[in-house]
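The same chain A turns up in both complexes below, where it pairs with chain B and then with chain C.
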Partner chain A sequence: MPKKFLLDMYVNRCLRCGGCMAVCKTHNRTPEGVHRIRVITFDEGEPTETNMPMPCLHCNEPPCMYVCPTKAIYKRKEDGIVLVNKDTCIGCGYCLMACPFGAPQFEKGTFGNRGKMDKCTFCVEPYEQKDEQGRLIQREPKPRCAMVCATGHLLAGDADEISAKLRERVGYRMSRGVEKTFLTF
Partner chain B sequence: MALSAMKMKRRSFLKLAAAAGGAATLGKYFKYSGVELFEPVAAQEGGEKVELIKTICIHCSVGCGILAKVANGQLVDIEPWENHPINRGRLCSKGASIPASINNDRRLKYPMKKEGGKWRKISWEEALTEIANKMLEIREKYGPDAIFFAGSAHVSNEAAYLQRKFMAFWGSNNIDHQARICHSTTVAGLGNTWGYGAQTNNFNDMRHAKSIIFFSNPAEAHPVSFYHIYKAKQRGAVLICADPRFSRTAAQSDLHLQFRPGTDIPLVWGICYELITNGWVDEEFIRLRTHGYEYVKEVILQYPPEVAEEITGVPAEKIKLAAKLLAENRPGTLQYAMGATQHEVGTHNIRAFAILQLLLGNAAKSGGGVNAFRGHDNVQGATDLGVLSNTLPSYYGLSEGAWKHWAKVWGVDYEWLQGRFASKELMQAKGATMSRWRDLVLAEETGDKIGQPTPIKMAIFWGHSTPSQAGTYLVKKALEKLEMLVIVDPYVESAAALPERDDGIILLPACTNWEYPGTVTNSSRQVQWRNKVIDPLYDSKPDVEILIALAHKLGFGEEFTKNFKKLPEDIYDKEIRVGARVIAMRQSTWRLKRQQEYDYVFNIETLRAEGGPCDGEYWGLPWPCWNDEHPGTPILYRNEIPVAEGGHDFRAKWGTKAPDGKTLLSGINGHAELNPDGTPGPGWKLDLTTDYKKLIAANKVPYGRGRARFWAWNLPDPVPVHREPVWTPRPELARKYPTFEDKVYGETHFRIETKGRSIQEQDIFEKEIHKAYPLVFTSGRQVEHQGGGAMTRANPILVELQPDMYVEINPKDANDRGIKDGDVVWVHTYRGYELGHYRSRIQVKAKVTRRVPPGVVFLPFHWAGMFETVEYTQRFPEGTKPIVIGECANTISPPGWAPETQMQTTKSGLCEVTKAGVIPEAIERLAKA
Partner chain C sequence: MEFPYYVMVFPGYQRWGWEIALYIFLGGVGSGALITAAVTLLLGKETKIARAGAYLAPPLLIVGSVLLLLDLAGIKAMLRAMLVPLTFTNITTSWMARGAWILLVTLLVAIAFAYSLATDKRYSRTLALLALPLGIATALYTGLLLKGARFVPLWNSGELPLLFLTSALTTGIAATLLLASVKEYSKLRGFLAALLVLLLIEAIEVPLYFFIIGEQGDIAVKSASAILSGAYSIAFWLVLMFLGIIIPILGLGYVLITRKAAALPAFFALVLLGGLTLRFLFVHGAIKAFVVPLI
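Showing the complex of A and B:
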């Protein structure tokens, strides 16, 4: 079952508390400059102010994968998570050009300089893919960013899990007969 | 360091987890939450032991639970604690990056001493001996009051309590901590209105609110509280944000009341005017449970929305709409924090909020109340345990009776204790405060009168930051003048580097709160057990151990530790629990530990345990918790439920009759405070043996069932009235609504001469500084940093998320001054004049944004490392300076102190912004005059 991130845009809840960014760096030990998820803000200080966390969306047809000249980027069959093999990555940066969401990351000063690409792994791999014995580290696909999200804006998981969560939210509002309070100024 | 426990293929791991986990071991933690389920399993793999330890975040006062992942005795990671009843695993950036704060090589690793301009490593023995000898020398020469002790809200309850006890045994009341400059006006304001000066409800209870009015910015200061606030919003609650800035909270609110800093009272009175004139007040609640409505009505009727508009700048229409929304959506809760407290009228701001809730009938019920969000992880606990110069633990004050009560708890003679003090008068006199201790050091230079025999000669900073103290120039001069400065902190606090002095500084490395166990009280009075995660790193030691070692060096160690056999539990169980009767902080540590184990039985809506060994208990046993059978009181002053279930009433604290002859006892079962045997009298707070079972069985509240006071006859303003900030941009309003007269502060106020009106007259009316400094200054927080930032500015993750100190300025003001976004600018003010220093200025980046309205600038206050445009990081010991530095916003904060608590003013000052290097002519002229 493919795993995805989803942002609940029906009610934009993100406060930009940075919990997702910080827990990602703590859990995956990414170095400076590598943000597997990043919150961006539009219209800061305006009534339309919006925050949006931007993770890798683990596309069904990932453009990064198709442009990779060394086939270092691949999509896992069992859960659709897009990963990069750092042993074969040559750091050309094509993936960054191809990705519409800015997901591929390069350590500070390494872009175009033989650095390895890093990206969100749905928390299955940390930044250093291998342990001391050279074995690939494989963890459970449980993205910490979605788990710590204080406002529940960021959702992650299988389609049925996300769907259940969204239905619960909307159903809750409908069952209580709540209408959004509109104020006109 | 090993990266992960999971050193095998995913499939084999899952197999193992299924086999080893099973329902039996996992059942304890198992609960559905969020999209994904996380099962904390202590996996045993490859000889490496991985443990998940339940602990509490060390930053703000929400009290979030975190599972710390420890492998081979090292903290390697954190995991969300998904069963924690407050946060359900949710974290903000500060909580999510704690491992980087603790495993950090910028920490202070061993005791250090500054000698001949150089930092030298010394041993603990040498450091403690030297400190003790200097303290005894100062005691000999100047008396015990020549030492100032800055305690901390970032230590456990046990350490905070020992700090207060330490200074009591030392013989001085010169002890204070962050609460003075944080929520001291809350304690005075709410305490004088209805009895206890604490948050009345809790974070989870905000889910039940139908309307929420914010007077601060919890979206940035307490982000995880929004987990519950959004739940209320999802259920249809109206959010109203009253804030001079269009903050992130305002962006999420339905209505924004953008008022001028320092005009909270007229705004609230404008709303109350509408409530009264439209008949939207809760008449029955007022009749049965309050006193003095006619007095407050008389004042409120002088502030119709149009007058409020003239003062605050909020359109009258919006004020009327806010009143309508609050009246139609009950119960509603009111939330505030520093933005309301840090004013000379802070106490009255808070009283106005409480009065608004009383008028609406929102007080004392679920979904209502006044939610004062506090700052540090244990500031509520440290306040309760009296790390304050005006009280002993548990708000007993400093009277002879209070000293006798605590002497009994400590098992020492009252006469011996009195002999430790310079005199009986000084034993009962309020001591120096965090906001003015530096003036007590500099009294000879400034010529201020002091209320003790000599100025302060030595200071101990035990987990207190410098950037949070207003008037950095004076703080710097004071730090330079002290004979000795001792700083106890896990990091090198900027007080070590700010003063330009070559010797006389000793730094002691305390360990962080994850390296020693203890209890911690969050903002909602919930006491939680914080487990030790790892052993203290480097050569650091726990606060409790350092305090006890120092007490032994000073010769009162035996008396000091008389009751303690098992540390730290005995500090709580044998002393705090026995003595802290005014607030009934009588939870036993075994109950707190049991709650932690059975975290999953607590209902997130009510925080009450349903079944299991903790059945009926409320999470954290919020005080008042009368005995080991009492479930705690999550919502204060509910009188419709029995006392045994967490009910009680407004306190009968001021007797049974008001000066106007009306009763102060509640209209529903009212009675005065009681002795344990049921007769009227103050025995409930003085008897050390009672567990109140008799009173509770009879549904009597030990402290009585009284009324909330609209009219607080003991305060300078019995009913809050508008008073312009000392430094106001509106002199015409200052003539109509002047600040407090000098005489309100008395000859000395907390041992130092304090002025109000005369500063306003001199600076605003005579010198007209508002013409040279036309912009209003206000300050606040950044979500990524905490307090003075010594810890967070050294954390590489948080630094990457927020590397900059800046000044937020409206595009109009910026364009008028030729300033572009990102420019380096100077922010000038007229501060430091006490020592003839008329031109304080700071150098920061400009952030041009419409978050602030024209005429107002905003600065975050967490920064240090630069002083008046000059960097001083070379004075930090090698390798300990924070990663990012910035100017301290409080360098330019205005004068002004609250007459009740000596709260400093940091939210409404005056300043001018120019490009770096430019000093406008008007400022030059003023400085010369």
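Showing the complex of A and C:
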């Protein structure tokens, strides 16, 4: 079953508390400048102001995987999580240009020092992919960002499960006659 | 499956740096020079101009490749990227991998071509036949590389590779003639006429591109208007269109009528300046789209 993130954009719940960013940084030990999830705000200060947490959405057909020249980006067969092999990544930045959600992250550096690509791994792999013995770390796919999300804006898990949850939530809201509060643009 | 989405300007967009823009320019000039040399050799005798083009192509392609390597993650990645057949394995879907192969083969053929012209000239016609399609492929691929990044709407058009090919040919001919520094008008006439025709095509193609790219949506309109009337308008209208295209067209027309070749190097230099500006406008003027999934 593919693992997915879902954003409850029907009623925009995100408060920009930054809990997801903080817990992701702690859990995955990403360096400065690399945000595997970040909260994006648009129309700031206007009635349509919207915040949204943006992790990697683990697309069914990831553009980053298709453009990667070295096959460093791959989609795991069993659960569809898009991962990057840092041994073969050369840091060309083509995935950054191809991703519509800005998931690929690079350590900010100067001239020839952009660093290798890092992206959200559904909390499977931390920033340093290997432990002291050189073995690849593979943890359970349980994203901490969705666990700490206080308002339930960010849902993560099996695609069927979370989409059923979101549908139920939206259905309840519609049955109570609550109008859409988002999508006014 | 279609899902509703909203497209906005990507917040905090990290651009490709000057290395990539300069590489696209140098690769274009190098492949243009290679095409010029090959065509000259195939149509006529081995002349000073053919040799100038053949000698110019390898150094330009090498400098361009080094610039590409400098943009990578670090020393280790650079060393690994040099082993093209081992590293660039994803040739089925990635234009960067295909391009690395094209660039490697073109570079090897260009070096062999230059070497054969410098020494025994036995295989130079065969190598010219090989170099011609490879030169065209290199020029086209730089456009396809940018087009491959689908979510930069300014680049997302099939016209871009053709535009880059035209610019590669004009800059290639200009650089070759600049290096050859042939003074006799009679030997230059065919080249000048070809350059004039290509510049006229470019003069129509370049502004047209920025008008038709509006079809790609709001972000494309935004980047095109930044180039046509915003922050990059001076670089576009003054440097690219006026100095890089219109002045050389007028100058070449004047030379073809009066047959006085004295001022030609200045026009060639202006064509090169125009090509460089075109590449920098495309790499730096592009705005990346950010897709908000409304699911």
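We take it that the second predicted complex is superposed on the first by the 163 of 185 C-alpha atoms of A that agree within 3 Å, B and C clash if a C-alpha of one lies under 4 Å from a C-alpha of the other, contacts with A are read in each partner's own complex, and residues count from 1 in each chain.
We adopt the following convention: contacts are C-beta pairs under 8 Å (C-beta built on N, C-alpha and C of every residue); 3 or more make two chains touch, one makes a residue touch a chain.
Here the structure is a predicted model, which is why all the values come from computation and not from measurement.
Chemist: Mind checking chain B and chain C on superposed chain A, clash or fit?
Modeler: Fit.
Chemist: So which one touches more of the residues on chain A, chain B or chain C?
Modeler: Looking at chain A, the partner in contact with more of its residues is B.
Chemist: Would you check which partner chain A:137 touches, where first means chain B only, second means chain C only, and both and neither mean what they say?
Modeler: The answer is first: A:137 touches chain B but not chain C.
Chemist: Given Cα centres, how many degrees, to the nearest 10, is the angle at chain A formed with chain B and chain C?
Modeler: With chain A as the vertex, chain B and chain C sit 130 degrees apart.
Chemist: With both complexes overlaid on chain A, does A:75 touch chain B (first), chain C (second), both or neither?
Modeler: neither
Chemist: Could you say whether A:162 touches chain B, chain C, both of them, or neither, answering first, second, both or neither?
Modeler: first
Chemist: By how many Å are the closest C-alpha atoms of chain B and chain C apart after the superposition?
Modeler: Between chain B and chain C, the minimum C-alpha distance equals 14 Å.
Chemist: Which parts of chain A are touched by chain B and by chain C alike?
Modeler: 183, 185
Chemist: Once bound in the complex, which stretches of chain B touch chain A?
Modeler: Per the stated touch rule, the residues are 2-4, 6-10, 13-14, 34-36, 38, 77-80, 82, 87, 89-100, 219-220, 223-224, 226-227, 230, 234-236, 238, 246, 248, 251-252, 254-255, 318, 321, 783-784, 796-798, 800-802, 849-852.
Chemist: For chain A, which residues are in contact with chain C within the complex?
Modeler: Its residues touching chain C are 6-7, 9, 40, 42, 52, 57, 63, 66-71, 88-94, 96-102, 106, 111-116, 183, 185.
Chemist: Of all residues in chain C, which touch chain A in the complex?
Modeler: Chain C residues touching chain A: 6, 8, 10-12, 14, 16-17, 70-74, 77-78, 80-81, 87-90, 93-97, 100, 148-152, 288-295.
Chemist: Can you check the complex and tell me which residues of chain A touch chain B?
Modeler: 11, 13, 15-23, 25-27, 29, 32-33, 44-47, 49, 51, 124, 126, 128, 131-133, 135, 137-140, 142-144, 146-152, 155-157, 161-162, 165, 169, 172-173, 176, 178-179, 181, 183, 185
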